[in-house]
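In what comes next, chain A is part of two complexes: it sits with chain B in the first one and with chain C in the second one.
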Partner chain A sequence: MFEARLIQGSVLKKMIDAIKDIVTDINLDCSSTGISVQAMDSGHVCLVLIELGSDGFEPYRCDRNITLGLGLKALSVVVRCANNDDSITIKAQEGTDNINFVFESPNGEKTSQFEIKLMDIDSEHLGIPDTEYDSVVKMPSHEFQRICRDMSQLGDSIVVACTKDGIQFSASGDMGSGKINLRQSSLVDKEEDQINIELNDPVHLTFALRYLNYFTKATPLSPTVTLSLKAESPLCVTYPIGDFGSMKFFLAPKIDDEDTAAATQE
Partner chain B sequence: MGIHGLSKLLGDYAPSSIKEHEYKSYFGRKIAIDASMSLYQFLIAVRQDGQVLMTESGETTSHLMGFFYRTIRMVDNGIKPVYVFDGKPPTMKSGELAKRADRRAEAQKELLKAEEQGDIQEVEKFQKRLVKVTPEHVSEAKKLLSLMGIPYVEAPCEAEAQCAALTKAGKVYATATEDMDALTFGSSILVRNLTASEARKLPVREINLSKALTELDMDQSQFIDLCILLGCDYCDSIKGIGPVNAMKLLRQHGNIEKILKGLSGKKYQIPENWPFEEARRLFVEPDVSPADDIELKWGNPDEEGIVKFLVEEKGFSEDRIRNGVKKLLKSKQGSTQGRLDSFFKAAPSPKAGIKRKASDSKGPLKKKVNKSK
Partner chain C sequence: MATNEKAVMKEEKDPSKLTIKKEPDQGENKKRNRTRGKAVKNDKTEMKPITQYFPLRRSTRRVKSLMEEEKTSEIIRKLEHKIEDGLKVIETDGKGRGVVATRTFHKDELICEYSGELISYREAVQREQEYSKDSGIGCYMYYFEFQSKKLCVDATTDNKRMGRLVNHSKTKPNVITKLIPVEDHPYLCLMAARTVSPGEELVYDYGERKKDIIKHHQWLTS
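The block that comes next holds the complex of A and B.
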C-alpha cells in the first residue's frame, strides 16, 4: 500500500508543468523515506531529478518500495482538474495496475477522484556522482528565467562565465550579441532577492538555451534558484521545493568537437 | 536480402532490443551508412511521376538528389555520416546473386507484358525492380560526397560487414542499413530508416545486438547459426525450418552441427553439401579493412565545386543547391551538444521493490512496439 497526501496540491501541478515538455513518461520511485523521480529527454542531453521527502506529506505511508510508471500526458490532464488550493492524495494498492488521485477542497466540501493506468517504463537510470562544483550561484529564479528568455532572442547557446567579479551570461547570433553581468549582492532586504556567489575556481561553459528555457518553467516552484557549475561537466539547476524537497535539472554542456575542429583548421 | 524474417523474430523474442528514437536525438553521433543500400533506395524511391530524375541528356540524377538532400538532413541534425561502399561480392554470394538475376529477368518479362497491357502501375512496379546500380552511379556519389566533405570508405567486400567492423571498433556509434545481416556481422547497434525520406516521418528504429543476444539467451556464434537457419545471402536454409523451429532447435542443440545430427533420418531435407560452415566463416571473419586503419574526417564543403558538379553538369537548381550547402556550412560552426551519458554512468534501476508481473492478464499498459517488418 502506498499513500501520500500533499496539502498544497498546487506544488504537484507546478512540478508537472515544469517537466512535461522534457519527458513523456516518468517512474515514481516510492520508498519509506519519500518519492523520487529521475527522467531524461530522448536525446539524453538533460535529466530531471525530483526528490520529495516523506515529511512533506501528511500522511505518508509506503509499506514496500514501489515504482509507479506514469505517462505525463495522462498525469497532466488529471492534475489540471485540481484547484490550486486543493490537497492531493496519491494512492496505489499493491498488485493493481492503477494509481488513484484524490483532490479535496480546503473546506472539505468537494472531493474528486481520478484513476490512471500504470505503465511499464523501462527507464535508464544514471548514477549522479557527488560533485564538488567550481562555482555555485544562488539567485532569484525569476531573474534567471528573464536572462534565459532574453538571451534566447540573440542566439541558441549561452555562455556562462563565473569569475571573482561575478557571473556573466552572454549570447551571440546573426543579429548581434549581448552580455548580462550579475554581482554578488548582500544589501538587499529580502533574502530571496539576493545574489550569492560561491567561487572556488572560475568556470566558463556553454549551454543550449533551448533546455534552459525548459528548466525555467519550474520558476513558480521557488523564489530562488541555484546554478552549480564545474568545468567540462554538466550544469545543475536546483529549485528547492518548500523545505522537504527539490527539483534538479542537469544539462550536458556543449563541447568543441575534435573531428570537426581538426578538419576546420586544415 | 539480409536475413530472412530476423526483424520479426527479434520483435517477437527480443522486444527490448528494439527501440524507436526520434531522428533528431541522433545529434553528435557518427554513423556508418551502407551506401550501396542507399543507392538502391534513392534510385527506387527518389522519383517524379514514377520516373527517375534525369538531366536533359537522359543521365539519371535520383541518386545524387538522394545523397545530397538526405546527407544534408543528417548533418543538419548533427549526425556525422560516413558512407561505406560495397566492394566485390563474396563468391559465396553467387547463388544469391544468380537468384537475383533470375528475378530480374522475370521482372523484365513482366515489364514487357505490363507495357503491352498499358497497366501503368504494374509498369512502374517492375521498372523499380529492374533498377540497377551502375559503376557511374557509384563514382558520381563518391564525387559528390568528397565535395560535400563527407567521408566514405570502400569496403573490400560487403559494405554491411565493413560497417559492422567500424561499429564494433567504436569508430562509429551505429550501422545504418535496412539489411539485417549487419547484426550477424556483429554491429553492436543497427539503425533502420535513417536514410528514409523525411516526408514519411518514420521514427528511427534502433536494434541493440547485445540486448538481443541476452534476451534470446544466445552468444554471437549461436546467433550467426540462427541467421543461417533463417536464411542468409550465402547459402540455402533447410526447408521446413522456420523461425520458431530454428529457435527451438538451437536452444536444444546449441549449434548447427548438433542440430544436423539430431535431424538425421527425420523428414527435413538438408541441402546437399550444405556450405553452412563457409557461410558461418564469412560472418565471423568477413573480408574487411581493419577499422583502426580508417581515419574519418568531416571536412568543409566545397561550395563552388558542388555547384559546378550539380548545377552545371547535372542541371540542378542553383538556389536550392546553394541553400543546401549553407546548411552544411552552418553545421560546421560552433560546438556540439554533449550527452549526459558521457558524464554520468548508468546505474542499476532502483526497481528492487515490487516488480509487477508482466504476464498478468490485466497487465500494465505496455509501451507499443511496432512489430511490422
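The block that comes next holds the complex of A and C.
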C-alpha cells in the first residue's frame, strides 16, 4: 500500500509542467524515505532527477518499495483538474495496476477522484556520482529564465563563464552577440534575490539553449535556482522544492573548439 | 505558491493500456565513468549524451542462478585464456619459490590453474619412479579422480605458470583446490579459501597423508 498526501497540490502541477516537454513517461520510485524520479529525454541528452522526501507529505505511507510507471500525458491531464489550493493524495494498492489521485479542496467541500492505469516502463537508472563542482552559482530563478530566453534569440548555445568577478552568460549568432554579467550581490532586500557564487575553480562551458529553456519551465517551483558547473562535466540545474525536495536537471556540455577546451583546462 | 490559473474538475479516464511494474531497490554504484571530452573539430559543436557521463546503474539484486552462471563463465574465461593476474613469484626462506597475491582475492575466486600435463594414473606412477631417481626434481604430481578415473596433472616441467609454484600449508591454507570440468576437460583450479589480501603468500594443503612420505618430508606437517 502506498499513500502520500501533498498539502500543496500545486507543487505537483508545477513539477509536471516542468518536465512534460522533456520526458514522456516516468517511474515514481517510492520507498519509505520518499519518492524519486529519474528520467531522460528521448535523445538521452539530459537527465531529470526529482527527489521528494517523505516529510513533505502528510500522511506518507509506503509499506514496501514500489515503482509506479506513469505516462506524463495522462498525468498532466489529471493533475490539471486539480485546483491550485487543493491537496493531492496519491494512492496505489498492491496488486492492482492503477494509481489513484484524490483532490480535496481546503474546506473539504469538494473531492475528486481520478484513476490512471500504470505503465510498465523500462527504466534505466543512471548512477549520478557525488561531484565536487568547480563553481556553484545561486541566483533568482526568474533571472536565469530570462537570461536563457534572451540568449536563445541570439544563438543556439550559451557560454557560461564563471570567474572570481562573477558569472557571464554569452551567446552569438548570425545576428550578433550578447553578454550578460552577474556579480555577487552584497546588499539585497530579499534573500531570494541574492546572487551567490561559490568558486573553487573558474569554469568556461557551453550548453545547448534548447535544453536550458526546457529546464527553466521549472521556474514556478522555486524563487531560486542553483547552477553547478564543473569542467568537462554535465551542468546541474537545481530547483529546490520547499524544504523537502528538489528537481535537478543535468545537461552535458557542448564540446567546443580548442579555445574552449584550453579555457576549461585553466 | 498558487498561480492564478483555474482548472475545471471533471471525471476522466485515461484509455491507454498500462500495467503495473514493481522494482526492487537500486543498489549503490558510485563508480565514476567520466569520459574525457576530446575536442571534435566540426562546424557544429558536439554534445555527448548524458549516459556518457553517468554510468548505467543496474539493480544489484540478481537471480542467484544468474550470478552463479556469471561466476562460472568468468572462471572458464580465465582458464581458457590462461589469465593469471594479481600474482607474483617470490623467493621464500627455505621453501624455494612461492607465490604471493598482489591484489585482493575474494573467497571462491579463481586464483590460477594448477597447470601441467594431464596424464593417466599408470603413466604418472611410472614417471614418478623415473623422477625419484633424480633428487633435483621436486614433486609436481597432482593426483585426482575425475569421472571415476584416476588421473594426474604432471607439472614437473617448468611451464612458467603460477600454479605449480604455490607452496604447501596443512595448518593455515588460504587456497583450496577445486576440479572444474570444462567440456569434459578437468581443470585443477586453485581457489581462494577466504579473502586473500595483497602481500599474502598463497598456500594450500597438498593433501599428502601417507606416514612414510611425511616422515621424509617434514615440511608437509607445517
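Quick note on the criterion: the second predicted complex is superposed on the first by the 255 of 266 C-alpha atoms of A that agree within 3 Å, B and C clash if a C-alpha of one lies under 4 Å from a C-alpha of the other, contacts with A are read in each partner's own complex, and residues count from 1 in each chain.
Going forward, contacts are C-beta pairs under 8 Å (C-beta built on N, C-alpha and C of every residue); 3 or more make two chains touch, one makes a residue touch a chain.
Small disclaimer: the values here were computed from a predicted structure and weren't measured.
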*Between chain B and chain C, positioned on chain A by superposition, is the outcome a clash or a fit?*
clash
*Once the structures are superposed on A, label A:Leu126 by its partner contacts, choosing first (chain B), second (chain C), both or neither.*
both
_For A:Pro59, using the defined touch cut-off, is the partner it touches chain B, chain C, both, or neither? Pick first, second, both or neither._
neither
*asked:* Looking at A:Gly176, would you say it contacts chain B, chain C, both, or neither? Reply first, second, both or neither.
replied: neither
*Check the residue A:Gly108 against both partner chains and state whether it touches chain B (first), chain C (second), both, or neither.*
neither
*Once the structures are superposed on A, label A:Ser42 by its partner contacts, choosing first (chain B), second (chain C), both or neither.*
first
*What is the contact status of A:Gly69 with respect to chain B (first) and chain C (second): first, second, both, or neither?*
both
_chain A: partner with more touched residues, chain B or chain C_ = C
*Which listed stretch of chain B (99-107, 171-179, 225-233 or 333-341) steric-clashes with chain C in the superposition?*
333-341
*asked:* I'd like to check the shared interface: which positions of chain A are touched by both chain B and chain C across the two complexes?
replied: 27, 29, 31, 40, 43-47, 65-67, 69, 97, 117-121, 123-129, 157, 206, 208, 233-234, 250, 252-257, 260
*Would you tell me which residues of chain C are touching chain A in their complex?*
1-14, 16-26, 28-32, 34, 36-41, 45-59
*Under the touch definition given earlier, write down the residues of chain A that touch chain C in their complex.*
8, 10-11, 27, 29, 31, 40, 43-47, 65-69, 71, 74, 77-78, 80-85, 96-97, 103, 110, 112-121, 123-130, 157, 206, 208, 220, 232-234, 250-258, 260-261
*Which positions of chain A touch chain B when the two form their complex?*
25, 27, 29, 31, 40, 42-47, 64-67, 69, 94-95, 97, 117-129, 156-157, 206, 208, 233-234, 250, 252-257, 259-260, 262-264, 266
_Footprint of chain A on chain B - complex, ascending_ = 16, 21-22, 24-25, 27-28, 30, 80, 149, 296-300, 332, 334-354, 356, 358, 360, 362-367
